[in-house]
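Some notes on the structure that comes next.
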Amino acid sequence: MLRFDPGDERIRTTRTFRVYEGGGEYNVARNLASCFRLDSAIVTALADNEIGRLVESLIGEGQVDTSQIVWRESDGISRSVRNGMYFWERGFGLRSPKGCSDRGNTAISQIKAGDVDWQKIFVEHGTRWFHTGGIFAGLSETTADVATEAMQAARESGSIVSYDLNYRDSLWSGRGDRDAANEVNRRLLDLADVVFGVEGFDSALTNYDESKFEAAARSMLDRHTNIRFIATPLRTIYDASRHDLSGVCFADGKVFRGPTFENVSVLDRVGSGDAFAAGAIYELLAGNDARAAINTASAAALLAMTTQGDSLAATTGEIRGLSDRSNDFLSR
Amino acid sequence: MLRFDPGDERIRTTRTFRVYEGGGEYNVARNLASCFRLDSAIVTALADNEIGRLVESLIGEGQVDTSQIVWRESDGISRSVRNGMYFWERGFGLRSPKGCSDRGNTAISQIKAGDVDWQKIFVEHGTRWFHTGGIFAGLSETTADVATEAMQAARESGSIVSYDLNYRDSLWSGRGDRDAANEVNRRLLDLADVVFGVEGFDSALTNYDESKFEAAARSMLDRHTNIRFIATPLRTIYDASRHDLSGVCFADGKVFRGPTFENVSVLDRVGSGDAFAAGAIYELLAGNDARAAINTASAAALLAMTTQGDSLAATTGEIRGLSDRSNDFLSR
Amino acid sequence: MLRFDPGDERIRTTRTFRVYEGGGEYNVARNLASCFRLDSAIVTALADNEIGRLVESLIGEGQVDTSQIVWRESDGISRSVRNGMYFWERGFGLRSPKGCSDRGNTAISQIKAGDVDWQKIFVEHGTRWFHTGGIFAGLSETTADVATEAMQAARESGSIVSYDLNYRDSLWSGRGDRDAANEVNRRLLDLADVVFGVEGFDSALTNYDESKFEAAARSMLDRHTNIRFIATPLRTIYDASRHDLSGVCFADGKVFRGPTFENVSVLDRVGSGDAFAAGAIYELLAGNDARAAINTASAAALLAMTTQGDSLAATTGEIRGLSDRSNDFLSR
Amino acid sequence: MLRFDPGDERIRTTRTFRVYEGGGEYNVARNLASCFRLDSAIVTALADNEIGRLVESLIGEGQVDTSQIVWRESDGISRSVRNGMYFWERGFGLRSPKGCSDRGNTAISQIKAGDVDWQKIFVEHGTRWFHTGGIFAGLSETTADVATEAMQAARESGSIVSYDLNYRDSLWSGRGDRDAANEVNRRLLDLADVVFGVEGFDSALTNYDESKFEAAARSMLDRHTNIRFIATPLRTIYDASRHDLSGVCFADGKVFRGPTFENVSVLDRVGSGDAFAAGAIYELLAGNDARAAINTASAAALLAMTTQGDSLAATTGEIRGLSDRSNDFLSR
Amino acid sequence: MLRFDPGDERIRTTRTFRVYEGGGEYNVARNLASCFRLDSAIVTALADNEIGRLVESLIGEGQVDTSQIVWRESDGISRSVRNGMYFWERGFGLRSPKGCSDRGNTAISQIKAGDVDWQKIFVEHGTRWFHTGGIFAGLSETTADVATEAMQAARESGSIVSYDLNYRDSLWSGRGDRDAANEVNRRLLDLADVVFGVEGFDSALTNYDESKFEAAARSMLDRHTNIRFIATPLRTIYDASRHDLSGVCFADGKVFRGPTFENVSVLDRVGSGDAFAAGAIYELLAGNDARAAINTASAAALLAMTTQGDSLAATTGEIRGLSDRSNDFLSR
Amino acid sequence: MLRFDPGDERIRTTRTFRVYEGGGEYNVARNLASCFRLDSAIVTALADNEIGRLVESLIGEGQVDTSQIVWRESDGISRSVRNGMYFWERGFGLRSPKGCSDRGNTAISQIKAGDVDWQKIFVEHGTRWFHTGGIFAGLSETTADVATEAMQAARESGSIVSYDLNYRDSLWSGRGDRDAANEVNRRLLDLADVVFGVEGFDSALTNYDESKFEAAARSMLDRHTNIRFIATPLRTIYDASRHDLSGVCFADGKVFRGPTFENVSVLDRVGSGDAFAAGAIYELLAGNDARAAINTASAAALLAMTTQGDSLAATTGEIRGLSDRSNDFLSR
């Protein structure tokens, strides 16, 4: 999606916008490419108009391969097919962030099973990891099918599959709400190796209870025996500018907690969960263990909140500098 | 609509946009309010989200009354109802202007007969002039009905009605194209006193032939005896930065030519036709004659091209300064 | 006034300014219009030059009716009559905010009794509330008379009258200072129903003593038996970026405390008091009680400090979200 | 003065201003310092507030010595003493430039004979040239006296004195208009060696008649026998973006014409006359002849119009590159 | 190189820069990727610091493959190895463009034969075209060897090789000047199929003489029998804002002239020659003839001058729209 | 050096830079001029190109005398001599500041003993204070000699000499590292009256132990008996946005602690040490005692971190307001 950022101002009062690209699962690809320096590509669909080409340019900026984008012909007024946009102001102190999503009728919501040649992507290109999640699967009736198709193809090719349980009320409003989303998620979780988000678990850091987390994670593993790694960020949100942040994962039968960052300054919290996912994927792809994964994920989630835009504009050195300080931050 | 302007850059390469409000017939109201200092209001519909409120703020900037806007509840992702947007780069020299319209599913395209209390607008508020045109009428199947309803109510109340024959390919694509648009226009022309645009007439200035203009105008008057004033700008477009511009009207059985501005510098041509209409309406509302109307219309159309944004950011003094120099400009 | 904001820079080092409109009592009208969605108009005078027209455009942006502005002819160099301006940098941490006011010889300071047709404003337009205060009354020898005239006309028409005890040293310097200001205020307080600011009371939150507040308020009521509602914000200013904020009012013989917001992030504190006033007026106009008024006033005062510009760029939903959390904020 | 420039927008529609410093005779000092690399200082008065300090910083940017500025205490609201400001939009094509001057009650307009120690400036600092003109002399009743005093002191010290016949209607409105200005000018011309502007001569290039110029110049020399060099730019203004420009001077009993630049692109014409003066002064100070002076003056006047701001942001190399091409430009 | 653009201002007066990436032969790759939509990669070397990563991001923006960049370790202060930068202001009217190149000691100037695995690039990746030129070859003593090595490898792999005779005085100053550059060029021309620039031919459009062009081209072909296509843009530069532009090529024993664009508006002329080369390469790669090549090259060269930045920010549709109008432009 | 600041963004993701001037010892001169209003000049060398002239303009902005700059001819591509640049992003919360220095081969690093006429500077101009330090001395093999020469000349003329023990790893990398730097410093310390930085002392505020400071200071005095005043800031850095700050000095045989500012908001920490030095120098030059010096130095160091850019953009009034509150700040 094309993201419009009014900077220090509010959407309703600004006269200028800085644009970024962003979007649920896309951000993970961007972070893996521009921060973790891995080859990554985005499979999506865009309407072929000036907005779509602007989005393509922004994706290239982040070193993400744009060659797998499916381009749809534009009708000139975006009646039949559009590019998604969202407007997001980052909030300040007790003024919360506020967004306005304009994603009806997008090219990607219209994608159908069969539109993408997954064989080519997974087999020919030797893709090692495939990531998707609840936002893509929830875009329309057809996108859950595309997710299924892709995840199956990935598994068959030997690619690891990760899935983020992201949920947006607005996407499911009038289509069965949370229950329908859960239904889709559960179907897709049977095809995932790695999962971000934990069903039935409250990720508020102030209430964190390790036994509850472990129980929820084990319950998911019982239902979906294919899953090998479950992780979630943990947060306390004091206000738009101050959070506590940590992360926790369950793997190899054990719980691993990431470092806890207390009372940290937040510039723009969007994309923090995607940075968390990217951090974990990076370590797992490198063959590192769950401790490495949760440490890197937590530090990445933190750093993503210190820059504008959806993406993790940090280096692995910066992430390492924070993830190594596990649990012993200077508190103020 | 919310207009996104990349300034000196192109849409596909920019990273920042300046926003303006704009839109076919709306611009006329804006020009009458902010340039000609007449009370004017916009009757439209907007989705009630941050984008809609930004548009409202921009409309207020131009001193146009926003109290007649119909606010539609937003679904959170703009699937069911949206606010229109368009992206427009102004071109430079031989690089032409280029736009990208994103106006599918807008609140205004969903408006239906009966949604607006025209009695209140025309009778209670004592509205003296009503302007609409082919863009609004062409937005959807229902907007032509709304236009009919409004024009009839206006006429009954004694308000003068003007109509602009604006045509956008993209709006009629798949819905009968130019023929269908003409069909709608002709129906509505029976309800108009003043018309901008002339059927069957080529408005290129280089080919201008007064007898052809007169014939075309007379032919329209024959078909629609209610019409009292027909006018159109005349142009030669050398490139994005250089035009010739003039205007011509037919009224009281005679043709009146406006001043001719040759080889003028153009910054942003959008809204020039709406400035032309506003200039003519201003003079006619003031009880002035067709000569005054065509002179003011032509100068307003010119000045609208010397500023960014859809609107005529000029003063009546500046318009007068140019319209009085009829036909004797220094040529370079 | 036209406000020049150097953003993150200082006035003396910047090369660009963002402009806003703002000014003591005006901000209340703006907040009631753009945040609380009530019809409101500003009665002021402006010199008719490019600066005045820019101010008019900014006022329209905020949905405030500009039709009651009295326009004064400009002499071309602003020797005889000017538009007020002020430059304000918002400070950062221990660097305090700093302003530079340029308001000598303004059109509004020259306004005299008889210049405005208050009958039309209060009777014809059915105005329900009139707000003014010590800044306007202190602009010049004549403005106190205009305030008197206006408040009397308002009372006669049945409009509620509110008055803010705002005081600016610079306005009274060389004209009797605080004593002279108090003298004017006391005269005008006899014409007010609602008062913001409490004579003889220290509004520092750290020293807050309810009995002292009550005593000061009762003393004012004894002197001015017409007053029905007295309110003031309470603050502790740690530095430019961190405040504690609350509010308190006296009405119906009782004291009501608003929620206390501790250690909150402040972006730009200007206009916080005007947001406080607008919040209270909104609730009182809606017929709600003093508890509602002080809660909304306090939350509005807080949110006004989270955005740039004098105005309260928030929604009633955002205000409600904070005002309902009375006294039980998460403390860090 | 502090100059506010809305860039591509108009004053009444912009939301941001770029600031520059500028002002009639000051610009000459700036051009001599930053373009021609001569030591130069400005003698003026500023109110000591944030605006004054911003102006000081801008003056330093141009390498002009700020140590002779007289700082006046500010009263906090600029009622008694102010810093001058002007707002200027540069126009585009047939939309003319437009300004709004806010220079009433400035510190410099209040300067009086005796306020400046001219002895120190001319004798101790060894000043070789003093430039002033009709804008400074016209600011108030007292500034003409200060000009007289300064010019006399300069002459006595052996410094060359130049005077620009600049005239602004607005400065003399209500104070005797053009006649009063001429009266002051004539008095001061008796103290000048070099004069820019020619009484009784039309400087429109299209009407240029060398004999008329020579007659007017000789007539001035007859009246003021102290004058040794008289020069003026010659212009044709097609529109805000296109001028013809040249220059002419009279010295040593002969007329010298500068190169003629036809149909040149103009970005911002303000300060062109001051660049003309600076170009001539530079050559004369270097001991070069009238031909060099008029060539450099004309090219400098041209280049000043190709940049924003009042000043001549060019190098002597660039000026030389144009001044040498006298009269044989490629015409388009 | 990282390009710093002061926009409407001059380098010496600006306070902000917009950055772009750019550089002699690189621009051709960028144009082929972002305008002509061909896969293209840049083979270069960058110091691995924040500036290098910014340049990488800018290259990605233009859809150019960054995977062949050789990253050199940074010493922290860019003493041993740097990234090239250049500052460029585009000029306006008679004020010429002006640049300031800061390219000493760059990573790419230090590249040596053997540093790049050309086999992988040409054979494994199936590269169809290789472009380089006189700027790269002139960077240092070693880069000519790298060019030789690359061109030989390309030829052996069957890839087409093009070479641009670009010459920069500053690169050869102190190293033999034009003669030394010619010496290098001639050596490399023996390895080229396609050449941009013609030795011994004056490309000024006003002096264009087809027979002279043909003679010069034939002479080059005689000396370098491997060359199959020679082309050059033709220009007249009136001033920074106005050029005439055309192109001419020699192929298959015949001369082909491109369309002539007279008196066209120029925003930023940098990169026009690279756009010319890209246009020709695109057509030749597509198997089209020399007429198509010269038409597309000429139109591309023109459009590159209508946008900021080194690159051709245009679409093939826009290029086609201009190249088809060969020789019959409306003249003003 | 020319400093490039990406504002809220990171260097690798920004598209625009704000430029400032800055550099180790230079900032002290700037602070003394623009904040403390003392005459000050910078002795440095710049390459004479557009970048050098931009730097000159920025230096003038800060009221620093530019007449002692040695201008070196540019070779057009900055191969032989360059102007230094550095890119600096200020960090946010737990994301640390990050810089990228590009200072190889600068004009100033090439300066040699004999290049500057120190007699003229110290004797003719009556310079009262000379400040330099470890950055300048470490630029190259020749700059330590220039420092020696200058310090000796200063001492002979009666000027006070101060030296800052600034150390940059990157400058000494490959040249003997810290040991070689210490060697140079010690040689130069024999020529200093006032020293900033204390050898063998840890300036972390959390570990502060007055006896250790005193011991380290006394030890330096023993080695360099010429030193009369030694001072250093003390800091705790929680993250990029929050520091504790204080200062301490040793003079007249006693230790003086400055006020302690706890948990203060930091915008941009660069230049804080130079502000500290300037504050101390200002008081010592005014003949005030060590207590005044350390208080002013500490408050200046604090305020320098509340603005962008290297310089101390504060007034003496603001500094006084903070330095007087010694040790009794409200803690949050």
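Think of it as A, B, C, D, E and F in the order they're written, each chain with its own count starting at 1.
Convention: contacts are C-beta pairs under 8 Å (C-beta built on N, C-alpha and C of every residue); 3 or more make two chains touch, one makes a residue touch a chain.
Keep in mind that this is a model prediction, so the values were computed, not measured.
Mostly identical positions are employed by chain A and chain B in their mutual contact, as over half of the interface residue numbers are shared between these two copies. Looking at which of B-C and A-C shares more C-beta pairs in contact, the answer is the pair A-C.
In whole angstrom, the spacing between the mean C-alpha positions of chain B and chain E is 44.
Among all residues of chain C, those that touch two or more other chains are 10, 12-13, 15, 57, 61. Interface residues of chain D facing chain C in the complex, by the touch rule stated above, are 4, 10-19, 49-51, 53-54, 57, 74-80, 82-83, 85, 87, 89, 98-105, 168-171, 173-174. The part of chain F that touches chain A in the complex is made up of residues 8-10, 12-13, 92-96, 238-239, 241-242, 263. Listing the residues of chain C that touch chain B in their complex gives 34, 39, 56-58, 60-63, 66-67. Only residues 7, 61, 261, 264-267, 302-303, 305-309, 313-314, 318, 321-322, 330, 332 of chain B touch chain D when the two sit together in their complex.
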